[in-house]
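Chain naming follows the written order as A, B, C and D, and within any one chain the residues start at number 1.
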Amino acid sequence: MMPFYFQDYKKMSIAYRPSHADATYDMKYGVRAVQGGGRSSARETIGRVASGAIAKKILKQFSGTEVLAYVSQVQQVLLPDGSVDHDTVTLDQIESNIVRCPNPEYAEKMIAAIDAVRIRGDSVGGVVTCIVRNAPRGLGSPVFDKLEAELAKAVMSVPASKGFELGSGFSGAFLTGSEHNDEFYTDEHGRIRTRTNRSGGIQGGISNGEIINMRVAFKPTPAISRKQHTVTREKKEIELLVHGRHDPCVAPRAVPVVEAMVALVLVDQLMAQYAQCNLFPINAELQEPLSLGFPNFEPAMI
Amino acid sequence: MMPFYFQDYKKMSIAYRPSHADATYDMKYGVRAVQGGGRSSARETIGRVASGAIAKKILKQFSGTEVLAYVSQVQQVLLPDGSVDHDTVTLDQIESNIVRCPNPEYAEKMIAAIDAVRIRGDSVGGVVTCIVRNAPRGLGSPVFDKLEAELAKAVMSVPASKGFELGSGFSGAFLTGSEHNDEFYTDEHGRIRTRTNRSGGIQGGISNGEIINMRVAFKPTPAISRKQHTVTREKKEIELLVHGRHDPCVAPRAVPVVEAMVALVLVDQLMAQYAQCNLFPINAELQEPLSLGFPNFEPAMI
Amino acid sequence: MMPFYFQDYKKMSIAYRPSHADATYDMKYGVRAVQGGGRSSARETIGRVASGAIAKKILKQFSGTEVLAYVSQVQQVLLPDGSVDHDTVTLDQIESNIVRCPNPEYAEKMIAAIDAVRIRGDSVGGVVTCIVRNAPRGLGSPVFDKLEAELAKAVMSVPASKGFELGSGFSGAFLTGSEHNDEFYTDEHGRIRTRTNRSGGIQGGISNGEIINMRVAFKPTPAISRKQHTVTREKKEIELLVHGRHDPCVAPRAVPVVEAMVALVLVDQLMAQYAQCNLFPINAELQEPLSLGFPNFEPAMI
Amino acid sequence: MMPFYFQDYKKMSIAYRPSHADATYDMKYGVRAVQGGGRSSARETIGRVASGAIAKKILKQFSGTEVLAYVSQVQQVLLPDGSVDHDTVTLDQIESNIVRCPNPEYAEKMIAAIDAVRIRGDSVGGVVTCIVRNAPRGLGSPVFDKLEAELAKAVMSVPASKGFELGSGFSGAFLTGSEHNDEFYTDEHGRIRTRTNRSGGIQGGISNGEIINMRVAFKPTPAISRKQHTVTREKKEIELLVHGRHDPCVAPRAVPVVEAMVALVLVDQLMAQYAQCNLFPINAELQEPLSLGFPNFEPAMI
């Protein structure tokens, strides 16, 4: 019932919820939406997902480009490396369970992990992996606006995100150059490819046509139903116990948001590349047409 | 001698160096600077460091804000958690050795690790940790331009970076909300603070006055002096052996670049906040003056 | 009644109305809102006026800055030079008649001129003059973003505008330098002023504290109730007779829109100047505080 | 000789030259380049002209688009309406005399007018007319970024400009709608055209394929060799007599600068239109291909 929800938020309004935006909004603006968090609520991501849906259609139609994300970790439950085939994984597989993990066995483990904390009124963190198949070559800029920089900004603006990796990411820091470098070869269609993809589909800030793959870390939902110490606006220390209906793990819900942000970045970059390098191609032999890069793909129209 | 260097680059010009920007530049522009990489050379970061030096002066003078970065990992050598005190670490400590690690014992181990690969003509990856002390509260925007999003973009534009973490980062994904949340209290100066700092100094996209801390992963330098398979511009597969003088680990050199990018973001955000919220403060009790937030700090002028 | 309006627009939808946006929208997008013009309708200016109202409040409160516009010409009826005192003209005087001309005698002549064309189903053009009193010094940038360039863009984006002048404008082209230059003096408050103001309050792209004055030309409303030749989307030539209720002169209605656009530009520039030059003033003797430039003005708060 | 020039500027450095940027730069920044004006010198326009030359080449090659400007007024000497045929006027005709007026008879009168003031140490104002032939249809945006708004900003950023008109401009304010509207017809190539062009090639903020024509007013050069009253930085009133070699009329020199700014705006808009509407044309029958709009034009490549 409405009054009940209202009361929930009213109680919280006197105190800064730990690890929420309550305190920083007050520090910045001197005012905040005490009921529901306003702009700091992840409800705002609906606009991202709606526009991302259009972006995904454009990418699909123009160059057969697909953006797919899935949950690859919930707390201690990690999908083993290689357990998802990025060449073939489908939206249906991802959407086949509530936790949005394409591996049914691990999906069950993740659901169990979430349930375990949910009944205690607690929450857990997780990781979302996102891939882009058939990304046109040439997207991104050389210096400040590298494609990975644009992607990092886009996904690090998603509520609760704490980390971003491209390709080898932090694990690449453990390797040597001879282990990490992606050697080039020419494939059966005469396209220049790399045998490995530790670069994550981007080299020198520019997409190289391999699968772009990223991982995004999400912290445990800060909204928990357990007693916490905090302070009020008036700086008085109090104990806070919030009753509410919150997601115990944001990762599954972040999946379409991450996809949307990635798709929006790619359409932006596609438009920039189209205007910058397709209006007057300099060297047609080196510069593949944006939409014709992928064997077996028939572009919708040019 | 000049002709020697020239020859080096000439040899490479016929082939795409693995994991360099050679191929993607050609795919995008149809042309590239074959001698030295042009804009893809990390030499371009000199401009970042030069402007970052001015940004650091502004931050220091305006609000006593300090930006410090150091190497926290070289390949398998990791600085243990807590071995650097972020409240007290100094530039002198960081600059006391060539690898820019403030812990002398680990600095030696890192130098040894780099030497080991250098003599084999190979390279290694690493991690740079960056902290911001005395960051003004209120920097950053609520939705797309969250402070961590701006920082992520800035450091992911540094050549060879592969990952970005704020606060708990990817390790936060393993925790529960009750373990992760940062409880608030009021300190002896009457300032609202958090007892822990898993948020990394940013909540809801906005700085909260705690130390901002980030980690940035760097891949091993792709320029190695070992035989590699690759292709030429004409798509012919060849073996490439590059002779040259390259850094076997970019992490120590990335330290001032990361500092510069972080400082530039902060000055931008400081100017935005100053114009947006200081021109007409709405609620002076909640909104601390930007430059007066830190006990014992005397701003240079207002 | 609703169906009636609907019919009006339906009739027009088959043809491109002369000097409307119908044809160019189709040429650009391949689609347009045939009922009412969509974004090309001047109804969109309501958003400009609403936000401009807030901008005007900020300017008034921060630095006593006032933005006032009025109709200075309707077809052949021109307000003589000097017939409006820009130091003293008030909003009440401007709003005292329907044509928004502060001179009652000329207001009547303008109303008569409009009535004369209205009954014939025709329309007339006009000119709006806009002034800014107590504009802070220092607004604007030296090269591409000169204050007059920003103002020109802002008002030339108002529907039906065809020309922009600052200060002496086109009539300044008839003068010599010795006639046109504004000599400096020091006034009784010790402020540097100019004796004349052919510069229109801006020199070198930057406001100098004198009254900013501009003139904006508006074409006659293209929507007239007279038979016109035109073509349909299918390129067939036809005769078009539109029945509708349209303003015979847009100038009086453009008055608050011009004020709004000018106020929005000024607040933008004020914020930029505040962040750029007030965060760290270099030379307090030369740089007057933004909000303290005007004798007898008490800023609301700092 | 060098020392002489130096002295010239040194003398001026103690005083604010009337109608120069000296005073406003000091008011804004608290510092200025006393020798030569720094960024306020029209010397900065060399960068505009250089990049404009590239923009003009792109326009010419892509769509046969030509940008041409000429002097149409010097003080009291006005080129009569219609004395320059915008369909046929050439760069050679414009460059055939020092004052850049394509009509030799009026060019002589203009030169005489300039000489008359030059020997008195004075200066005069003027007007530059700029046209764009074969502008692609569809350039510009519906609301804030109308093509005329972008053009107005671009040319009002040229030093010494005081006014901007598109098509009928200020004279359009004297007309009725039935006199002003541009009726449509279908030409012999099956293209939708307007019989008149009071719109100046832009309707609803978007280019319609007719000749874009603009007029830009320039004030008389403020640098004159006559005694003037002014004040010093210390607010002391003095008499200033500047000896120097300055242009007595900036209009002829502004011709290539205006062309450059217009060409740069058009290339920007062409790129935006290409990315926005050519990537996925909605309605090919209504949306002519950008580069194929003009009969007898063979695009260089697509």
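Rule of thumb we're sticking to: a residue touches a chain if its C-beta (ideal position, glycine included) is under 8 Å from a C-beta of that chain, and two chains touch if they have at least 3 such contacts.
In UniProt terms, the chains line up like this: A, B, C, D = chorismate synthase.
Given the structure is predicted, the values throughout are model-derived calculations rather than measurements.
Separation of chain A from chain C in touch steps, taking the shortest path, is 2. Listed by label, the chains touching chain A and chain B alike form an empty list. Averaged C-alpha coordinates put the centre of chain B at 47 Å from the centre of chain C. Here the CA centre of chain B is 45 Å from the CA centre of chain D.
Centre-to-centre separation of chain C and chain D, using mean CA positions: 21 Å. Within chain C, residues 281 each touch two or more of the remaining chains. Pairs of chains that satisfy the touch definition comprise A-B, A-D, B-C, C-D. Listed in rising order, the residues of chain B touching chain A in the complex are 16, 18-31, 39-40, 44, 73, 75-76, 117, 122-127, 137-138, 140, 142-146, 148-154, 156-157, 161-170, 172-186, 190, 192, 194-195, 198-200, 202-209, 215, 217-224, 226, 228-231, 233, 235-237, 273, 277, 281-288. Contact residues on chain D toward chain A in their complex (touch as defined above): 58, 61-62, 270-272, 274-276, 278-281, 301.
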